[in-house]
Amino acid sequence: MSGLPILDISGLCKSYGAVRAVDGIDLHVNRGEICGLIGPNGSGKSTFFDCVTGLAKPSAGAVKLDGQDITGWSLNDIAREGRMLRSFQKTVVFSALDIEENLVIAGQMFTFPGIWSTFGIGAAARNRVAALRERARELIQIAGLWDVRFQPAGKLSGGQQKLIQFASMLMPEPKLILLDEPMAGINPKLIERVVDSIRLANTSFGVSFLIIEHNIDVVTSLCKRVVVLDQGRKLAEGTPDEIVQNQAVREAYLGG
Amino acid sequence: MFYTIIEQVVNGIVSGSVYAIVAVGMTMIFGVLRAINFAHGEYYMLGTFGAWFAIEYFDLPYPVAIVIGVVATAVIAVVVGNIVMQRIVGAPAEAGVLATLGVALILQNTVILVFGGSYKFFSGGYIEPVTLFGFTLAEQRILIIIVGLIVFIGLELMVTYSRIGKAMRAVSQNIECCAVVGIDVRHVALWTFILGAGLAALSGVLTAPVNVSVYGGMGELITFKTLPIIIMGGLGNVRGTFVAAMILGIAESLVATYVGLQFRDTVGFATLMLVLMWRPHGLFSAQARF
Amino acid sequence: MTEIVRDQTVTAAEHKVATGPDLRVPFGLGLAALACVAPLFLGNYPLHAIIIALIFLLPAHGLNLLLGYTGLLSLAQAAFFGIGAYASALLAVHFGTPFYVNFLAAGLITGAIALPLGIPALRLRSTSFVMCTLGFVIIGQAIAKNWISLTRGDMGLAAVPRPYFALGPASFTVSGTVGFYYLVLVIAALATLAVYLIVRSPAGRNMIAIRENETLAESVGIPTWHYKLVVFMISAIFAGLGGSLYAHYLTVVSPLTFQMYYSTTMLIIVLGGGAGTISGVIFGSLLFVGLTEALRVAPELRMIAYGFFLLALVFYFPNGFAPLIGRFWSFLERRK
Amino acid sequence: MTIELSRRGFCIGTALVGVQAMSSGAFARTEDGTVKLGLVAPMSGPNARYGAFSLRGAQMAVKEITAAGGIGGRKINILAGDSQGTPVEGVSATRRLIDQDQVDYIIGDVSSSVTLAMQPVAEDAGVLLLNAASSNPKITYKAGVGGFKWTYRNYPTDENRALIVLQYAAEKKGFTKYAVLSVDSDYGRAAIEFTKKYLPRFKSQILTEDYYKEGEVDFRSVLSKIRDSGAQAIIMYGNADSTPIVGRQMMEVGIAGKIPLIGNAEFNTEKTIKAAPKALEGAIEAAAWLPAYDSAKSKAFVEKFTAEFREAPNNHAYVHWETVHLLAKAIEQAQSIDREKVRAALSSIHYASAVGDVTFDDHNQARLPMILLEIENGKPAIKGAYSAEIDYPK
């Protein structure tokens, strides 16, 4: 757990016209860490995520992933080249496709060297896909979705879709995963399973996490360090206990 | 030289007014139904044919023919609206394209079947030229500009103050919310469609005296003229559409004068593509609907 | 943009293969055999209709890759069809090159033109993109009309020679309906095979991902924009190849080749057969040509009936007629 | 369940129609002596405005022939095929007429590019293709000794027309400066091409050159430009439906009566003149035919057509009517419906049309008199009929 932080963000800004949704945030995620990101609604968490992952272009600031400056890269470049993956608040899967296909798609761009090679039909391409399928099946089993693996993903429950999405992100052996409210709208029984999966990925695969989450119990149990945002700025940073005690944080949540 | 340019600008405004009345209906339909209406020019044609029929078969005076043309089209629009347009609310774009193409084929060729495919002469209206500020125009064109202004002001008032107008604005901004707050989206869609078709018909009847020839396939050209305007104007944006129509009218007029008439019909799409390269969401943001 | 559930995706098909005895292979082979002997029992007119259907199949395959698999609605097929037709006709008329040269050149030229057009166009969203692609057709026609030194303008290029092949000293000209039928049949079969391979490749899976959810596809590392550009180019190449066949079959190329008519025809074939399926598009092109020709029985009602057919298609068969074939299979299997 | 049933029914219905339409070809030829004549023309869509008159003209001719007891006792049967003005549709229609309906003779199309695409089809099948309304010179450059021996054209090409008009305008009116306003089609473009060829001969020049799209309705800009250009006349080769629009807008921009129209776009019909009398006064036109033409046969045709269809005939109606009669005459002279014999008869025919004698040259191009007229006091005044041999490119 030494050396450079895996993700190092400095002075990130994003403004829409006169509105500054993200206003100069510094944040880092250490290697192997699960970092929590909380804040009241409208505090700029999602915009911050979008800017970090390349879905939106930041107005100012820099994002460094594993020492490399990735500011202004597109979403797909960050995912593919940087192996930093993200989830979305509204659960999203490729709904017409079954679970296995979902996972194979999620892994493809990490095994094929370029887009031309994906048009390949030879043995090399087939072997790559077969390997992906193998890994997909493993992950499906770990996620406990084996029985429903041939069903279109869109027909499954919200919790199951969250699991598919999570399994998809594990396909390419990522360095860092950014989760946007992974527990929102899922059955309390499943929460335990998702928490376990995150922990497992962290310990067994060595994946670092940055998690936006409203469920404070989940945050306390998973994260060693929590960052609080309010009105586009960093309000506080510390261990979960420190954050819960912090006066400014309490005001922001209650007053906001 | 200077006089020529001014005169061409006036010519552009005259044709821009015609485009504006047609396009404004189409853009409202898009705002509410989210469908590109490839049959829009057909309502222009139906309006013209209605008026022609009234004049030719019943010898009615032109003002009465205007009413008949618009009302007849509105009646057809009620039928089409109920059977087709209401059902494409929320359908994917390609379904809308196919359905409206189907409607265009049916309307166009039914008119050809009933009245014969040959072109007819439209013999109503006020075609005497008058001179105004040194420019000579047919009286009818002055009427078109005035009606264009009235339509524009009327629509602005309608969407700001009337119940149905507000509902149209609401639907065009957020269709899901409307269902929640109790706006009957299908009802609004139908009325918007009838209004749009009626405006196209009005434009057709008003231009018939200066365009003289009336035939079943005349709507297609109008559809193609209107499409780039509504995109440039920001889909669903009435004010933007008016400005875009004027810009296109003037640009066409200048191109016809200084480049060549053969390039005139390309102006719309060429301008559109240049505009889109510069501003991918059109000249006027689609957010500021109505 | 595309919320229609295309239930016959690659995966579904794969699993069907896995689950039971598949009747489609013998049926497909039977159909292929039938296609090979068709000239024995069909007259020139039905053969001509099939030739047209097979020519249209190429641009339709292209559009299917774009719309059915990648989820992009484009009306530009007529523009690329026209470019292919002109490229082929100009080569044949001016240089007398053999057919395969014209044919391949038509594809390459169309692809080369599609690339710079696609770059700005694909930055646009939904309706603006559709209109931009329609603009290509309109502007293509204007160029064909006014670049007279190249295209002879409205006079068009007439007397485009029949396809001839030259290999060393031997040369061979395809003339007559039957000869052309076999030529087009072979090309259409090869094109279908090419589409099949593209769709079954990992790239095909990525295309479906883009269609299903573009942002999600981005987030798993798929360079969606590059894929869309490549698919746009491939679809243009297919259209260009179709245009080449058209030029050599009809022997006349005029600015009328750049018409919305062809774009909408391709759209009807793809949606009528079933977007996102290969067999659907083949079925769609035969159905479309069969229908328009069958409707010639009543010339004056023809286009009206056609309009009603489009409405029926949109409202009663939103997934095209291909699912009916699927239902036919399950019907057969239940009978067994 | 009911929906299911009706869907299936619909499909089966479609399939049946398809099968019925497809499974033809094998029929034995019915040799009952009926003359089977196909007519290809645009009948749906925007181009239907040109096709409608063609079919009416041809149908009226067939009716007359039937009423007169047929062609030497043979009945004549006319079958229509819709081309929509598009080559691919035109070829499909032609194929159908040849293979399915087993016609021996085809008249068509209006649009030149459709006719050009139909030529090889008719040639391969050995079916007589008699064109009555396309003016692209290439059609007969390639016909007769030029190659397609089964293509004939009973319509003047643009070349003669251009020369006659220009000659009259220069010699009788003394014009030397022209503005061009023609339709943007092969017809309009080719006519101007030929006009340019003859310009130096009359020491004339073209000051502005514009082409309008079929269906164009706004000419104000270009007419203002012409007004300011100093042109003495507007050369217009266009479609009939555009003429009244141009006329009205000429009045608007104030050039009506000052700059006359010359060329060909049905300047002479009563309705057109009525639409813009001042603008059409002094218009000069070279026409294959005009409704006001002063011959008994022509007058009878106009009268009969108007009575039948409640609409005055136009040029397309006339040429198709006349061409059906021409074909009937050829069949009568051949005393057979054998295509080869009829073709031979056509090559050597002397047919008295409403405007004069028709014969065919070795390129199967009709030698037709072209009528030159000028609108005087709101009425077309005929200034003569001209005929010229065509210079075929070697």
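Order of writing sets the labels: A, B, C and D. Residues in every chain begin at 1.
The definition used in the following text is that a residue touches a chain if its C-beta (ideal position, glycine included) is under 8 Å from a C-beta of that chain, and two chains touch if they have at least 3 such contacts.
Only a predicted model underlies this, so the values are computations on that prediction, with no experimental measurement involved.
A.B. asks: What are the chains that chain B and chain D both touch?
C.D. replies: Joint contacts, listed by label: C.
A.B. asks: For chain C and chain D, what is the smallest step count along a path of chains that touch one another?
C.D. replies: Minimum number of steps from chain C to chain D: 1.
A.B. asks: Need the most distant chain from chain A, centre defined as the mean of C-alpha atoms.
C.D. replies: Here the answer is chain D, farthest from chain A.
A.B. asks: Could you put a whole-Å number on the gap between the CA centroids of chain B and chain C?
C.D. replies: The separation of the two C-alpha centroids amounts to 33 Å.
A.B. asks: Can you work out the whole-Å distance between the CA centroids of chain A and chain B?
C.D. replies: 48
A.B. asks: Round to the nearest whole Å and give the separation of the Cα centres of chain A and chain D.
C.D. replies: Using C-alpha averages as centres, the distance is 71 Å.
A.B. asks: Provide the C-alpha centroid distance between chain A and chain C, rounded to the nearest whole angstrom.
C.D. replies: About 41 Å, centre to centre.
A.B. asks: Which residues of chain B are in contact with two or more other chains?
C.D. replies: Correct list: 108-109, 112, 262, 265.
A.B. asks: Pull out every residue in chain D that's touching 2 or more other chains.
C.D. replies: Each of 43-45, 184 in chain D touches at least two other chains.
A.B. asks: Which pairs of chains touch one another in this structure?
C.D. replies: A-C, B-C, B-D, C-D
A.B. asks: Touching residues of chain C toward chain D in the complex: what are they?
C.D. replies: 41-46, 48-49, 52, 145, 148, 153-156, 158-159, 176-177, 246, 250-252, 254, 256-257, 259, 261, 287, 290-297, 299-300, 302-303, 312, 316-317, 321, 324
A.B. asks: What does chain C use to touch chain B in their complex?
C.D. replies: Interface residues on the chain C side: 1-4, 67, 73, 120, 123-128, 130-132, 134-135, 138-139, 142, 145-146, 260, 264, 267-268, 271, 275, 300-304, 306-311, 313-315, 318.
A.B. asks: Can you list the chain D residues touching chain C in their complex?
C.D. replies: Interface residues on the chain D side: 7, 10-11, 14, 17-18, 20-26, 43-45, 80-82, 84-88, 91-93, 95-96, 98-100, 111-113, 116-117, 120, 124-125, 136, 138, 142, 184-190.
A.B. asks: Within their complex, state which residues of chain B touch chain C.
C.D. replies: Contact set of chain B toward chain C: 30, 36, 83-84, 87-88, 91-95, 97-99, 101-106, 108-110, 112-113, 224, 227-228, 231, 235, 262-263, 265-266, 268-270, 272-273, 276-277, 280-282.
A.B. asks: Show me the residue ranges of chain D that touch chain B in the complex, using the header's touch definition.
C.D. replies: So the residues of chain D touching chain B come out as 43-49, 51-53, 181, 184, 209-213, 215-222, 224-225, 228, 240-242, 244-245, 248-249, 251-254, 271, 274-275, 309, 311, 314.
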